[in-house]
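Next up: some structures, all given as structure tokens.
One chain, chain A, appears in both complexes that follow, with chain B as partner in the first and chain C in the second.
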Partner chain A sequence: MHFAYSALQAILNGILTGSLYALIGMGMALIFGVMRIVNFAHGAFLMLGMYVTYALFLRPGLNPYIAFLVAGLFLFIFGYLVYMGLLRPIRGHTDFMDILMTMGLSLILIDGVQLIFGADYHQINIPLLSKNIHFGPQISLNAPWLVSFVIALVCALLLYYVVMHTMFGRAARAIAQNRYSAPLVGINVNRVQGIAFGIGAAAAGMAGGLLLPVFYLYPEVGNQFKLKSFVMVVLGGMGSIQGAAVAGIVLGVVESLTSLYWGNEWALAVDFVIFILVLSFRPNGLFGSQRV
Partner chain B sequence: MSRTTTLCLAFLAFLLLPVMGCRSGSGGNSNTIKIGVITSLTGSNAAFGQAHKNGYAIALNEINAKGGVLGKQVELDYYDDQSKPDQAVQGVSKLVDQDKVAMVLGAYSSESTRAIVPVLTQKQVSLIIPTAVADNVMETGSQWVFRICAGSGSFATATLDFLKNNGDPRNMAIVYENTNFGQSNNKSMTEAATKAGLNLVDSEGYQASSPDYKGLLQRVKGKNPDVIYFASYLLDASTLMRQSEQVGLNPRYYTSAGTGFAAAEFPTQDKGAGKYAEYTYSVSQWLPSAQWKGSKEFDDQYFKNTGTHPAYHAMEAYAVLLTAVAAINNAKSTDATAIRDSLRNINLTDTPFGPVKFDAKGQNAHPVLVTQVQNGQYKVVWPQSAAEAKPVIPTPAWSERP
Partner chain C sequence: MSGAAKKKWEAITIVAFFVAALLVPVVVRADYTLQVLFRVFLFAALGLAWNLVGGYTGQLSLGHAAYFGVGAYGLALFSKLGAPNIVAVLLSMVVAILFATLIGAVSFRLRGPYFALSTIAFAEVLRLVAKNLPNVTGGDVGIQVPLLFTHASIISFYLSAVLLTAAVLGITVWIVRSRLGYYLMAIREDEDTAMSVGVNATKYKLIALLLSSAFTALGGALYASLFLYIVPDQVLSMDISSEVAIVAMLGGAGTLIGPLVGSLILESSAEVFKNIFQEAHLLIYGVLIMLVVLFLPKGIVGTLMQKLRFFKSPPQAPFAAKPPGELNNEPERAAIGE
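Let's turn to the complex of A and B:
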């Protein structure tokens, strides 16, 4: 019986963590799906979101569960400007240039934040952190994780709605299907791509804000999430946002079960074993390819 | 000016930068003696690096107020390794090659210290280690390395000694951060516990930057150990204890290899585990209440400077600088070999950190205490001769705590 409970507990914890992964992965998938840009700055966007939330928590003392929205807005504008200023001019050359550009941007952001805030680790302490919600004697969930989960779920559904049911979403999907015929039907490709890039960055930024209460903050914090988001994009089918969302949850649960049964050190290794296996045997992702 | 010329000039300026830095560094002021310090002022171990810095500052003030050494003022030359071993190695080059320091003190972590030991040995400059407890930093056979603190082997022995005389539990699980510090403590404890006849039910390594240890802790819970022995830094220690409550992990003893569990910040609400630190045991090398002469004065001065009370990391930095200056004084020179030989023969009988004397391997025999957090304070509970309080055994279950 203990066995079943501990597995259930691990799965629930995995889903909570996975929901944040899902939000990060959806942002990455949107950018990859619409623009075929492998965004190496995605981790840095997440880190920026965390620092924005942190700065707002310090100065006006804003609750991180409100401040993350500001982080999202900030990252949206920032992402849009990055696309328009840095990425659009080099589009149409090789994919390699996008990779180098986002990688360079990532280094600048990380080192820039390090210059301003220093390389120190920071942690915030909110009263919610010590609240656990018990379900029977065996199962308990930590309140901030639960709150983050609910918010991440809402954000993910919203993102899904925007992509599937709005004019912008239809335009974005049209570009994803054929970047050259889209302008023929009157789609402003640059603007739509800029907005898509902004939304992708905002998703990472909001996830960062939601992570802040339960994690620590340092300039290189985004790197581990960047790697995970690559795994999610591949697992979810190379640019499908719903695929990436499911992949995020899968990743969270797999990591949680791995550290329960094999040990914490194996969690990251298992992520990448999955990554390599999927790339080798199911290159279109676990759920088949359906871009954006 | 053409673009090419500008570029060339910029490039030249870039090349010259280190040379210019060198000039201003090594030329220096001949009225001072420079001692290099490598520690972690930023990065994940910044809390400990700052403690180092506060400890060094007090020692430096005292020394220079008394006229310095060999008629010169002492100057500390800091290098921040950002909590990264590769940066610590770069620090050695900077301090030794450019700044020509007389000797080096540091680093903070075992990981960084292990990285700089061979470099300093090769450059033939003495290193005194304040806080790195991994025993492998002393196992290279280097003639240039001295350590003032007790090592992971002594931590394990002291913890087992305490346990044997306080309930004699049978099962132990080890949870350690997976770099040199944790690995070394895992190894030492595994050997010592097996020898003492304890049943090791689990040994779990983890990555210190992970947000979630709940899976790991659940796994430990499943093994049902009487004792958990943690080897953790500060942020991971806080997260581990908070999440131990979340998964309802209730061993009879939460013991630890000091460090994060002994940091001044650990029992505080803002920067540590707060109430989750309560009842955890830790090995300790020094406390403000220590009997050694000068401990109280150090505590007072530290509190005056920083508004907080020091943990042993700050004292170890303080003691290391006292030792370094005493060695230069005895050597009557800043020659590297003379300083090393002087360190070999050093015999300080009454520092606030206790006696300092290095054995043939460069190790100082320093006693280890066991403390327990009680009402947010570290209280010595072992050995009996130094105990300030009785240990609370067993650790109250999370559900029974207020």
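Let's turn to the complex of A and C:
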């Protein structure tokens, strides 16, 4: 009986973590789907979102659960400008250059933040942190994780709605299906790609803000999430945002169970093993090959 | 100047460059300078080795830390088992080739970004395994690496790095002018077409990777031996993978001397930045990468070659645009003004 409870607890924790992964992965998938860019700055965007939320928490003392919205907005604008200023000029060159550009950007952001905030680890303290919500005698969930989960879920659903049911989303999906015929039906490819890049960055930034109450903060915090978002995008089928969302939850649960039975240090390794297996046997992703 | 005469001059220039490089320790005595130069030539050799796969074959590997780390850990582990240094290095090169075969067998079935991501995944799995098996690799605590040379002087390391660079460059020239080189470049330009005219793409991609991995492992062993002590986050990290790729891509992927030029510029400027800008050096390094990408889109050598038509060697366009990219660029441009 105890065995079943600890497994259930691990699965529930995994779903909570997974919802944040899902948000990060959806942002990455949107960018990949619409632009075919593997965004190596995605982790840096998340880190930036965390630091924006942190800065707002320090100075005006804004609650991180409100400040994350500012982080999202900031990253949307930042992402849009990055696309227009840095990525649009090199479209049509090789894929290699996109990767180099986002790698360079990532270095700049990480080092820039380190110059401003220092390389130390930070953690914020909000009253909610020590609260646990109990479900029965055996199961308890940490309150800030639960709040982050609910907000991440809302954001993910909103993102899904935007991509599936708005004019922008339709244009984005059209570009993902065929980048070259989309302009023929009157889609302004550059503007849509710029907005998509902004939204992708905003998703990472908001996830960062939501992670702040429950995670350590340091300039290189984004790297692990960057790697995970690669895994999610491949797992979900390159460019499928629903797929990436499901993959995020799966990743969270798998990691949580791995930590429980094998130890924390193997969790990331298991991610990559799954990743390699999926790439080898189902290169279109676990969840079909639907694009964006 | 006729083609043959030009080729002769190119050969003379390159040989003269390496002779000069070998003579540097006669003039330069400072350990620090030689250490920086060691790094320059080590990454030149690694970039050249990467170039065989990433440049000439067009397969963007972002996981070369796997082979680098296998070289480093191979030297440490085999010599711990009692193998003489030279045997340990050779064995670790063999192990790197075995890993490359395994990784290639899976990854080469994938293309474009999928391939790049899968190479990252393999390197990361190796790093995490090395971290999590303390009984074998020492885990995060690290492991001792024997000194490869009888006297612990940076000069031996520097000279070996120069010779390694020369060797990889020599092999690259040989490959590029051989049938194999043309197969590789055909695969880079259009894999499907290459296959349709009977080029066994998987086989030749694998050959390129095996050669590349062996030299990368040798470089890894050399690097580890200089530090005498290694940890997984150092020799198996993504930083190594991306640094090798960045050196080659910025210099000019698919050009003969691109990685050498890339390493000379990047590694030496990184060192200068470290001294001048201190904590901001990575920021400046990032800006440098961006500027090159924006203004020299085919890498330093690639773009200069295109502009000057100087130092012309057979492999010209560094994985130039696949035909659809070129053709279809227009409609996108047209949309800007709307």
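The working rule: the second predicted complex is superposed on the first by the 292 of 292 C-alpha atoms of A that agree within 3 Å, B and C clash if a C-alpha of one lies under 4 Å from a C-alpha of the other, contacts with A are read in each partner's own complex, and residues count from 1 in each chain.
Keep this in mind: a residue touches a chain if its C-beta (ideal position, glycine included) is under 8 Å from a C-beta of that chain, and two chains touch if they have at least 3 such contacts.
These numbers come from a predicted model, not from an experiment.
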Contacts for A:104 in the overlay, against chain B (first) and chain C (second): which applies, first, second, both or neither? second
Touching partner for A:212 - first (chain B), second (chain C), both, neither: neither
Count the residues of chain A touched by chain B and by chain C, then name the partner with the higher count. C
Let me test your reading of the model: by the given contact rule, A:92 touches which partner, first (chain B), second (chain C), both or neither? second
Quick check on the superposed pair: does A:35 touch chain B, chain C, both, or neither? Answer first, second, both or neither. neither
If we overlay the two complexes on their shared chain A, which of chain B and chain C does A:258 touch? Say first, second, both or neither. first
Quick one: is A:279 in contact with chain B, with chain C, with both, or with neither? Answer first, second, both or neither. second
So, A:151: does it touch chain B (first), chain C (second), both, or neither? neither
Contacts for A:268 in the overlay, against chain B (first) and chain C (second): which applies, first, second, both or neither? both
Of the two partner chains, chain B (first) and chain C (second), which one does A:17 touch, if any: first, second, both, or neither? first
Do chain B and chain C touch any of the same residues on chain A, and if so, which? 265, 268
Across the complex, what residues on chain B touch chain A? 42-44, 46, 82-83, 178, 204-207, 209-216, 218-219, 221-222, 235, 238, 242-243, 245-248, 269-271, 274-276
Which of the residues in chain C end up touching chain A in this complex? 60, 62, 106-107, 109-110, 112-114, 116-118, 120-122, 124-125, 128-129, 131-132, 238, 242, 246, 249-250, 253, 279-283, 285-290, 292-294, 297-298, 318-321, 324-326, 328-329, 331-332, 334-336, 338
Listed in rising order, the residues of chain A that touch chain B in the complex are 2, 6, 9-10, 13, 17, 118-121, 123, 125, 129-130, 132, 140, 142, 211, 214-216, 218, 221, 224, 255-261, 263-265, 267-268
Within their complex, chain A touches chain C through residues 32, 36, 38, 86, 89-97, 99-101, 103-108, 110-112, 114-115, 179-181, 183-184, 186-190, 223, 227, 230-231, 234, 238, 265-266, 268-269, 272-273, 275-276, 279-280, 283
